[in-house]
Structures are given as structure tokens and as C-alpha cells.
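Just dropping this structure here.
The letters A, B and C name the chains in turn, as written, and every chain counts its residues from 1.
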Amino acid sequence: MANARPNTFPFRGLAKGLKVTLKTLFKRPVTVHYPLEKEVPVPRARGVIALDTEACTVCMLCARECPDWCIYIEGHKEMMPPAKEGGRARARATLDRFDIDYALCMYCGICVEVCPFDALFWSPDHEYSEYGIDGMLHDMDRLTDWLATVPEPPPLEA
Amino acid sequence: MTQLDPRVAMHLSDAAVSVELETPDMTLNIGPQHPSTHGVLRLVARVDGERVEAVEPVIGYMHRGYEKLAEVRTYAQTIALVNRIDWVSGFANEIPFVIAVEKLMDVEAPERAQYIRMILTEMARISSHLIFMSSYPLELGAATPLMHAFRERERILELIEGVTGGRFHPNFNRVGGVKPAAGGGSATKKLIQDLPAGFLQQARDAMDKVLTVCDDLDDLVTGNEVFQARTIGVGVVPRDKALEYGLSGPNLRASGVGFDLRKAEHILPYDGIDFEIPTGENGDCFDRYIVRLAEIRQAARIIQQAVDRIPSGPLQAKVPRVLKVPPGQAYVRAENPKGEMGYYIVSEGGRVPYRVKIRSASFSNLSILPWILENQLIPDLVAIMGSLDFVLGDVDR
Amino acid sequence: MNFWLLLVIKVVVILGVVLPAALVVIYIELKVPARMQSRIGPYFAGGKYGWAQPLADGLKFLQKEDLVPDAADSSVYKLAPYVVLMGTVGTFVIIPFGPDLVARDLDLGIFYLLAISSLSTLGVLMAGWSSGNKYSLIGGLRAAAQLIAYELPLVLAVVGVAIQAQTLSLNGIVDAQASWEWFGSSPEWLNIVPPYLILQIVGFVIFATASLAELSRIPFDMPIAESELTMGYLTEYSGLRFTMFFLGEYAGMVSLAAVASTLFLGGYWLPWVGDDVLNVLGPGVLLTKVLLLSFIFIWLRWTFPRLREDQLQTMAWKWLIPASLANILATGLLKVVF
């Protein structure tokens, strides 16, 4: 095993190495022309977090559980007209602000996991680099836009 | 000899011959920014020409205070932190921590979860060793093995990402199993994060590719006379010194000690799997290299067996949604690709640990540097340092 | 024609051949190793296949600030890259691209060649010393030790060819190869297989090995040794001066490959055609051989690790120099006997 030191006739090892590189020279490269061709990331890839504002109830669980506190949420209560005639007016929590600072985010996914109302989703989209650090703070509109890129969850192994 | 006026001394050429040439030692700062220190290690070397007389490693440039951070974070949040310690094998870092917490809470992960843990740990081992296979020849000047190893490592990372969602930082383990669901809401509650369809077959295919690239690496690197000239007999760590300095992992096994926590402690279902523990004989750089290459092959063997016999069943044991760990303490260690990695957790009850002590492999492996680098040449310094395969994140934590 | 006009024309033509050739070699150095590593390599610059990448790199370097460290010996530091480039470009004076396409056919061509190519060593030493950086200093000293050790086998390997051809002029050596007769009477076209490649195979291998060391290329790149010395004597250079070193390295590769092709591979010569045609086709033939040798240099570089400094010295003094001496002895004996 470990003492397998190939000590055959001289320069055989060098020649073998040259053979490997020459062989690879005539094979297709495995990399792609990145901005022109793109590899499709796996559906579960943690690229960016999408927000469904309709589902969010401003419960703040995600902001609280975030290990580096990069989610900023503000909201207020709104009185909604009663669902039925003569019923009571309902209070509904409405988001004023939902920002995720991707410069701080460590992409652990705890926020998505703890959300009890399915308001947060992972999207594999990852092409949102910026020239300045301030651009990494995604506001509510931007987070909602990501919703379109959320893929179907993959089928499972039987 | 009395002081001479330099202008006079210039003309006394035969007198100058008898003056002994003085060569003062030079202090060479290798790092913290240096291509072969694997991050931000700094070596203060006293060199005499090409010979390194003494080396003092200076660490701490990358101290991120994970032990302290863990004291103010819940257990679930800490899992996301610990896979950043040795970032080239993120998944393997989570295992001992999670199992330590499970031990404190007295739960055990279901068997399918344990198998998934084992498969992904071995994948992390392969990816970590493939990084070594690429960086080590690069430090000795060969750039091509890097891309060959990375090509196959990419397949492994893609598989890990397909299951966990993260290439480097999976954050997939949970206390009592592996990550149960994508979200906690009513619509996705039942959407369990089991292995995606086709994973097992892809894993088999990837292992075949990994074994092929191992053969390529044998041709490119192992058999290469120049590589052998650079590594055989260089940086020999005898068995007793390896034990004395507390080396672990492949570095220890290269010195002939067949100690592997995968066989010694049963925290993952390795007992049902047939694999060998490769050991070296001489403890030189070449042995450390070849032990790792053999470990890639063994890991591929483990994965091939594990995907064949992975049981079906739940992924999560019953644990409360808000983790409260009863008071107590636990130390769990596991075989990380770099060596023995252990977490000592003290809990006083509640959602956060009282204290977490991390025993990381690279830190202990690094401690041999001053001894082993004494009186070596500068090129050998690079060869030896590379062969110990440490990651600075794992050293400084 | 006016001497000075001719001189200017020759200089321009030499630069016009050397620098594009160096760029082509740089392009090969980018693209071929990429494919050897399953990568694509450059593909944007110039539209297709990234053919303009070397030019783009050059343009980028031109824009960079030309830094001179405080601790540097500024004048020496600034001069060094030009000395290196001068040494390599200077060799092209005597390389024949065709029967008449030679800047100067010196009688002592080989002697001139070996003398002028050692000049680059001086430049490297200057760079290493004047940078005021410990890594550069070690790199410079390694370069000096290495170039002293490998200049000898390089010279001794060429001596065999000189004995065989009985001349020191490069044109003479090409002629000698073209008119070589195997066993008294054989057709001339047989010499398409370069006779000296077979007769002087030992010399050729030694020459190629020593050239690799002269060029500081892997497996002999200790003066640069990125993973040890962070680039050795190049550490502190940036901008235009770095470009000069960069060009110097590849121009050096082209020049040594051209010398090797001339000495061992028959140079510009082709059978069946007369001198007039050769004056046209010659440069193409020579450049093909140069590119072939450059490809081999690149191939070796991207396959092998580097040796250690002491192993390099051992190899030069204990193996290459005795082997080349034996080669000279054998060549001389055969020359006397036959």
C-alpha cells in the first residue's frame, strides 16, 4: 500500500506524466465559457433568498434566529375590513421594510427553515454581485423579484 | 586585527585573505501573505543561505473566535458556524458537534440519517484530500495535477450541493438527524429534504471518476521521479515523534500508527463497511502524500458500499422544536480529513451552550513545525509544510 | 547599401520576428496548458479563441504603475529588465533564417551566442540584488548559481556539434547538416531527418535540459519558484518592467529554441529547393521548429514539479557535465577515426 514506490527504469514516471497531459490536451475541456454559457445550479442551491410578502406575518422569527442578524424587518398593524358583513374588523400585520444584507448573510438557511408561514424560499440564482457594499442590501421589492426564480423542489430518492 | 582605514585595507589584499568571512543569519518572514502557507500563517525563519536554522510559527491571523461565538448562539446557529472551521471539508466538521449535542440530549439519529452523514462525510474527505492532491504538487511546482483533481472534486461538491444546498458550508446536520424540511410552513412542511432522485447513482458514477483520477494522479505525480526526489526521505517524522507531538489523521498514519477514529469509535455506522486504514512506513512527505491518495480510494470504497445498503426510513429523531439541552458535558471526536476533530460542549441547560472547546486537527498537527523544520532547506520547508496539509481556518478557529 | 540603413533594417526585422514569435509562444503557453488541464483558457480577447490575450496582457501591464521599492537600488533596478531582454534579443543577430537571411554571419557565431546569452544572467542578478527584497535576493543568488552550473553543459553540448561541423559559424553548421552524407553516398533529402539529432542526440538532450535551466523553467525554475520565493527576482517588479522580464523570458525561449533548431535540427534547411526559395521558406521552417521545441518546453513545464536547488546542482555537475565531456570525447574520436 503505502510502500508502493514505483521504482522502475529511469524516466518512466516522467514519461507517464507527459502521457497524461498529452491525453488531456486532446480531450474536451470541462469548463464552460462562463458569461456566454452557464451551468444550471442544482434546485436546492442556496443562492439568494426570495420573499413572499403576502405570506409574511411580520413574526420576526427569521430576524431573531439569524446567526448574524442580517435581516431587518419593520411592520405595522393594519385594520382590514371584516370578511363577513357584520363581522369584526381584523388586524393584519403588514410589512414596511424587509431587508436582507447579503454582505453579512452567511447563507446558512436558518431563516428559511424557521419561517412558519412559507414566506421565504431559496433560489439558486447567484448573479447579483455589486460594485459597492451598499448594493448588497436587498430591499423588499428586490427580494420579491427573486420569487420568480424559485425552482420546483427536486424529486426525491425512493 | 586592528581597525584599518578601508582605503588602506583595499590595498592590503593579502592581509584581507586571512580575515574570516562573516555571514550573518538572515531573518526571513514567510507569510502571512505567502503562496504556500495555506492562508495566513506566518513563519519567522532564521536562514543561513538556503538553510533554515530555526522556525517560529506565528498563528492567530485568522482567529475568528468560534469558541466564543458559540457561547452566544443557539445550537442550530452554531452548526452553521462549525462547518466554517476547516472549510475544505465543511460537512465533516458538523458531525462531531451534532453528535455531541445528541449525546447531551440523549437522542440518536435514525439509521438513514446516519448513512447520509457517513456518505457526505466521506465525500468531504475526498474533496479535502483532492485539494491536498492539487495544492501539494503545486507547491512543488507542478500546476497540472491541480486542475485534474479539481475537476473530480467539482463532481463531489455538486453532489454535496445537490443534497444540502451548499458546496462548502452544507449546514445540513440537525440535532437528531439531517435537515428535515425545506421550510416550516404548512405548504412545505412535508417537503422533506431527503436525497434528491438519482443521487445514489450519481454518487456511484462520481466514485468511478474519482478512482480514475487517482490513477491519473499516480501517473502524473506519484511515479514522477522529480516528485519522488523532492519528497522521499524529506521531513521524516518517526513514530514516537508523531505521537509525542500529537499528530493525528493521515500525518499520524503516515508515520506508521494505524489509528483511525472511524474504526476506533463508533459514532457513524462504519462497522458494517469493509475498508482499510492505509499506513505509511517512513513518515516522510512521500508517505503522507501516498496515505492520503490511498484514503481517497478507501473513501470511494466506503461510499460505494454505503449507497448500496442505505436503509429507508425517517431522517429525524423526535426532538423539540426549540432545542433546550439539559445540563451536562460531552466530548465527541471524529476522524476529520485533517485528523482528529473534537468538540467539548458544556451545557448549563437552555438554548445556548455554556462553553464549547474545539479540538481541531490542523492546530495540533502544526505544533510539530518548529521541530521538523529545523535545519531544512527552504524548498524542503515548503514541501514539508505542504505535506502536513493544514488549513489556517482550522488552526486559528 | 548604406551600412547604417542596413543596420536599422536588420534591427527592425529582428524585432519584427522576435517579438511576434514571443507573443505566439505566450499564446501557446496560455492555451495549451489550459487544454492540458481540461480548461478552455483565454477566449474573449480578440473575439475568437482569445488570440489577442498576450497583447491585452501587455496593454494591461503598460497601464500599471511602475513601482520602485524604497529599499531598491533604483538605477540598477530600473536597468535590469533591459539587460535581460538585450541578452536574449542579441542572440538573434547570428541566427540564420535562410541562406542569406542572417543579420551577421559571424565566424565565431557560437562563441558570440554563448557570450551574449550569459548577459541575461547578469540582468537577473542585478534584479535580485537591487530589489531590496530578501526573496528577490535569494532568487537572484539561486539564478546565479544555476546559470553558472548550466552554462557549462550548454557550452560543452555545443562543442560536439562544432567538432562535427568543423565550424563555429551557424550558417556553416546548417550547411554541414544539409550536406551530411550517411555512409558516403546517400540522397540529400535523407537529411530531412536532421543528422545531428541522431549523431548528437546526447548533446541535444543535454542542450535542451540546460536550456530549460537557463530559461528558469520548471523543472528548473528555482530562481522564480513561486511557492517558495513568491516569484524570486521578479517579486518587486510591476508594470512595463515586468513586461520586459516577461517578454525576455519568452524571447529567451524563442531564441534558445531557434539555436537548438539550428544546431541540432537542421535550421532553415529544406531538401529539393534552391537557395532562392530557401530565403523565402527558411524563416517558416525555422519558426515551425522553434514552435515545436517551445511546445515541448511548455509541455514539460506543465507536467513536472520543480527540483531542489542542491538536486539541480548535483544534476549539472555530476551528470550533465561528465556526460557532455564524454560526448565531446566520443565525437572527437569518431571524427578522427572516420
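Everything that follows uses one rule, which is that a contact is a pair of C-beta atoms (placed from the backbone, for glycine too) under 8 Å apart; a residue touches a chain by one contact, two chains touch by 3 or more.
Since we're looking at a predicted model, the values are computed, not measured.
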Chain pair with the most C-beta contacts: A-B
Maximum centroid distance from chain A, chain identifier (CA atoms): C
Inter-centroid spacing, chain C versus chain A (mean Cα positions, whole Å): 51
Centroid spacing, where centroids are CA-atom means, of chain A and chain B in whole angstrom: 26
Centroid distance [mean C-alpha coordinates] between chain C and chain B, Å: 42
Sites on chain B at which at least two other chains make contact: 144, 148, 151, 220-221, 224, 226-227
Residues of chain C touching at least two other chains: 36-39, 302-304
Sites on chain A at which at least two other chains make contact: 14, 17, 20-21, 24, 30
Chain C residues within the chain A interface of the complex: 32, 34-40, 43, 299-300, 302-304
Residues of chain B touching chain A in the complex: 73-74, 76-77, 80-81, 84, 144, 148, 151, 154, 158, 161-166, 169, 171, 179, 181-188, 191-200, 216, 219-228, 232, 254, 276, 278-281, 286-287, 290-291, 294, 312
Complex contacts: residues of chain A adjacent to chain C: 14, 17-18, 20-22, 24-27, 29-33
Residue numbers on chain A that touch chain B, as the complex places them: 1-6, 10-14, 16-17, 19-21, 24, 30, 41-46, 55, 65, 67, 106-110, 112-122, 153-158
Chain B to chain C touching residues, read off their complex: 26, 28, 34-36, 50, 137-144, 146-148, 151, 220-221, 224, 226-227, 229-230, 377-382
